[in-house]
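Each of the next two complexes has chain A plus one other chain: chain B in the first, chain C in the second.
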Partner chain A sequence: MTENSKGYFKKMLDAVKSVFTGLGVTIGYGVSPGREVTQQYPEVKREPYDRFRGKLFVDINICTGCTACARICPVDAIVLKTVRDENKKLRPVVFDIDNARCIYCGLCVEACPVDNCLYFRKEYEFSSYSKDELISHFGLGELPQPDKPAADRPSPDMPAQAGPAKDQPVQGKTDETRKEEGK
Partner chain B sequence: MAVVDERFMDLNMGPQHPSTHGVLRLLIKTDGEVVSRVTPYIGYLHRALEKIAERLTYPQFTPFTDRLDYLASMNCNLAYALTVEKLLNIEIPRRAQILRVIMAELNRISSHLIAFGSLSSDMGAFTPFLFGIREREFINDLFEMVCGARLTYNYIRIGGVAQDIPDGFIDKTKEFLDYFPPKIKEYNDLLSYNAIFIKRLANIAVISPEDALDYGVTGPNLRASGIKWDLRREEPYLMYNELDFDIPVGRGEMGRVGDAWDRYMMRIYEMEQSAKIVRQCIDMFQQGDHIAKVPKVLKVPAGEVYVRAENPRGELGFYLISDGSTKPYRLKIRAPSFANLSIVPKLSGGVMIADLVAIIGSLDIILPEIDR
Partner chain C sequence: MIELINNIIGNIHSSTPMIRWLVYVMVIVISSVIVLSFALLYEGFATYAERKVAGDIQARIGPNRVGPYGLLQFVADGVKLLLKEDIIPFYADKWLFIIAPYIVFTASFAAFVPLSYSDHVYVANMNVGVLYIIAVSSVVSMAILMGAWGSNNKWSLFGGMRAVAQIVSYEIPIILSLLAAIIIPSSLDMKDIILYQSGGLGIFRWIIFNNPFTLLAFFIYFTAAIAEVNRTPFDIPEAESELVAGYHTEYTGMRFAFFFMAEYGDMFIVSAIAATLFFGGWQIPFINGVAMPLWLRETLQVVVFLTKIFVLIYVMMWIRWTLPRLRVDQLMELCWKYLTPIAFFDLIGASVWVLLFNGKGVYDILSALFVH
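What follows is the complex of A and B.
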């Protein structure tokens, strides 16, 4: 009986002791917090490091239309359509990046053969109310057609689908419809 | 009509429950406060990752391994890279190996910090959780510096690592290594040797060495049962055979060997060891390439291979069958948490509901890896 009660009080004393050891740690921080670990987020914004993988951006004017980024993307977040322009160069008519699909893995940036063409910005606040707003459009749009096809386009020629220049108007059309859907 | 046994009540713990560590549902047969049977129901996070692997090229699958055990993405990246490299049979540059070990061990610390913190918050102490998060933030900063992400790193690639380290990384890591070990004493004062905490965990859910082997329990949970088995020592990969570190083993300091407190304490000891490893790696640093020459279109020779690596939660294995094309024919993932969870029904016969929380917390399971 006495042995039992002795053990009981000893355990109690141990518990109280260890509680005060723990309190010693926390009281220390109460007196001097040391390294600052929290931030007043919306007011104070932390600058991410240089390699931060934020929102993807494309410098479309130097894009060669090689589609390396679209092919490496594991989640098909990049839609890239190209046509040959008058200088036989590839022109990215559609370059859409779906930020909702993007997993920010960075494989596309590494695959891009042109310096500073496809890159991450430090931007990380781009939440939105609709998924459409999360798609960034970088495409140059259809080719500026000098004479005939440009005149063709505005006129509501429905049977133009079976027109002579097959690939170019179709590409332009998909681009246009995509943009409309996007808005 | 089914006969209902009125003595027992079926109770669902989860899938949305603060102490189930993710979306795990435990169907508990309770007799008052005592649990008589537990059946885990998994699959809420199933994303068919193994099937996705068959549709993607080898480099494309690397970011998906981030999403296995998201608290230890580096280690998952590493295990996958090692698997593909074994079939490719390529030599990894020395610098890349050192960088890989540093990242893997830093990630082990950050993962164990969450294990420590979440177990403490399961036990009703919230302060240690914040302490764990505070130190983890430091590691997250280091990772952000080196690869640009704070959770899904995608840094360790087939052949090496994605980028060489930036300026200032070594200094900041040294700063962390000076800052971190004293904090472990703080954790011990605050939580580990707290009498109430010990009372909650000691002699709870004892895993005997035989049971641990039978159920395929690995990692700290296995070592807590007194079996000295660490793949970094038993099957050294990278440069672990050159490093000097101890493998902590459960000794039953507060109760019996393999109880919940031993499992908890394994993680504290391992954090110390990981910090020691990182320090050695920094001393070993040398110039060189950060990635081996890997062809852009990666065709892996036909064959099959099983490679395992020591993750914070146990043995992560990848079983890969290649048919010589650019995509895996089959990729089977052996997730440590899956095996660790399988022992829960065995452990939880006749325990109190509050102890069940301690069991789940001390096993430190993570769900995306189980469901994958």
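What follows is the complex of A and C.
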């Protein structure tokens, strides 16, 4: 038997062997049901991992109004406007998060000096028919002091500005400066 | 089928020629409609089964939205295809383009005719049944080339050329391996072939177990048959990654569906030939059917025959979702350098076996040894 004919038969044997090896792998899946990894999405929902970055949420009651998140946001998704209340504390009057702009980078969460104030929730189903619906409003609203002159605090219909705004001295203060001011 | 009708309406041969003709035409039309609806229903469920098998093997679920377990998926698909826009390319050869799907489907459907579904259920009992199927299914390659050329599209033409080259090449090992099986019962008649395989508990006298050469012939036949019906791993005529959809690239809606249905019809045909020639056709294994009432025996035979076919179709699907596609040169190499010489060797071996043992199979020889 020459080398050539040996190669011929070896090739044949290899082909048959490899075909049956492949078929042996797939038949295990083919005959035994219940090995599907597909999840039927609307009925069965996958529980996201702990570090999953879903919808951004802020616990507005412990927010110090430091605007660190608004300043670090690379896409200006956070609009934050604060005023001082009677205790000289910063009050986040407007805290809008535009989920359509958010890129889920997590910089704001890292920048937030208060624990569990600004964080990602596991919620991921918030599609809507318009971009306006995607903006979540967390702001506490204006102070309930009608006797106070309106000029002292920012006008509610003034367009909200994102990031460090120079014309508003209360914005852009860090936690430390706020503490110093409180002394 | 005609025999069955004869039994029902009495001896029509004694009637006047007019009535005889009327009855024959009626029988032809009715049996065609029955077989056509069976074929279409089968093709519908075959597409569903294909997707389910694919899902199973790929650890997915597959269609499960339309109807219970997604069983009505093919109805939804059919309605969708019917409602699609029928596009004929501007530069297409319209006559060829329009007629090609019908010829493909007709050729595929015509091969259903000589199949013997049970002792008395068949459309036409031809004494050249196997030859007829081989001849009729060859028309498919003509029609594929017509559609491919008529589309005036480079992918279509490449696909059509590949399809014709492949089908014409693989017909040789198919016919040679079928010959190795046919020389055992020495008949081309489907019913004769099945009747030859009776006895031996309905299993051991199958032609596939007749001698080692017929066992080999089955594997050659099955490999070549997969290529004949253009299925993965031999689906180079419609290789999606290279040729978009091959010869039916330009076809839309129902015209595309005809090509699609013809593929599943061809799968049924090649599996039916394998079941008839190698696996005993409608012979019921382990049960002696003679004592049963006629209707039960016939039903059981049809069920057994279809079961054999569906198992073979499942194997085809299983192979499809396991093996990757061959290259064109590999395909031709497999056919001309491997399958054809082996099929020739096999045919000679089977002939010598028939000569040496006087047509007796392994089971006959062994049982003769033990009985005496």
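One rule holds for everything that comes next: the second predicted complex is superposed on the first by the 117 of 183 C-alpha atoms of A that agree within 3 Å, B and C clash if a C-alpha of one lies under 4 Å from a C-alpha of the other, contacts with A are read in each partner's own complex, and residues count from 1 in each chain.
By our rule, a contact is a pair of C-beta atoms (placed from the backbone, for glycine too) under 8 Å apart; a residue touches a chain by one contact, two chains touch by 3 or more.
For clarity, every value in this text was computed on a predicted model and none was experimentally measured.
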- Task: With the two complexes superposed on chain A, say which partner A:52 touches: chain B (first), chain C (second), both, or neither.
- Result: first
- Message: One more residue to check, A:120. First (chain B), second (chain C), both or neither?
- Response: first
- Query: Touch check for A:138: first (chain B), second (chain C), both, or neither?
  - Reply: neither
- Report the partner of chain A that touches more of its residues: chain B or chain C. B
- Which superposed partner A:95 touches (first chain B, second chain C, both, neither): neither
- Query: Of the partners chain B and chain C, which touch A:40 in the superposed model: first, second, both, neither?
  - Reply: second
- Using the superposition on chain A described above, determine whether A:30 touches chain B (first), chain C (second), both, or neither. second
- Task: Would you tell me the residues on chain A in contact with chain B in one complex that are also in contact with chain C in the other?
- Result: 19, 22, 25-26, 35, 37
- Item | Touching residues on chain B, where the partner in the complex is chain A | 56, 59-64, 66, 127, 134, 137, 141, 144-149, 152, 154, 162-163, 166, 179, 186, 189-191, 193-196, 199
- Item | For the chain A and chain B complex, residues of the former touching the latter | 11, 14-15, 17-19, 21-22, 24-26, 35, 37, 48-53, 72, 74, 103-107, 110, 120
- Message: If we count contacts the way the header does, which residues on chain C are in touch with chain A in the complex?
- Response: 53, 55-61, 318-319, 321-323, 337-338
- Task: Would you tell me which residues of chain A are touching chain C in their complex?
- Result: 8, 12, 19, 22-23, 25-27, 29-31, 33, 35-38, 40
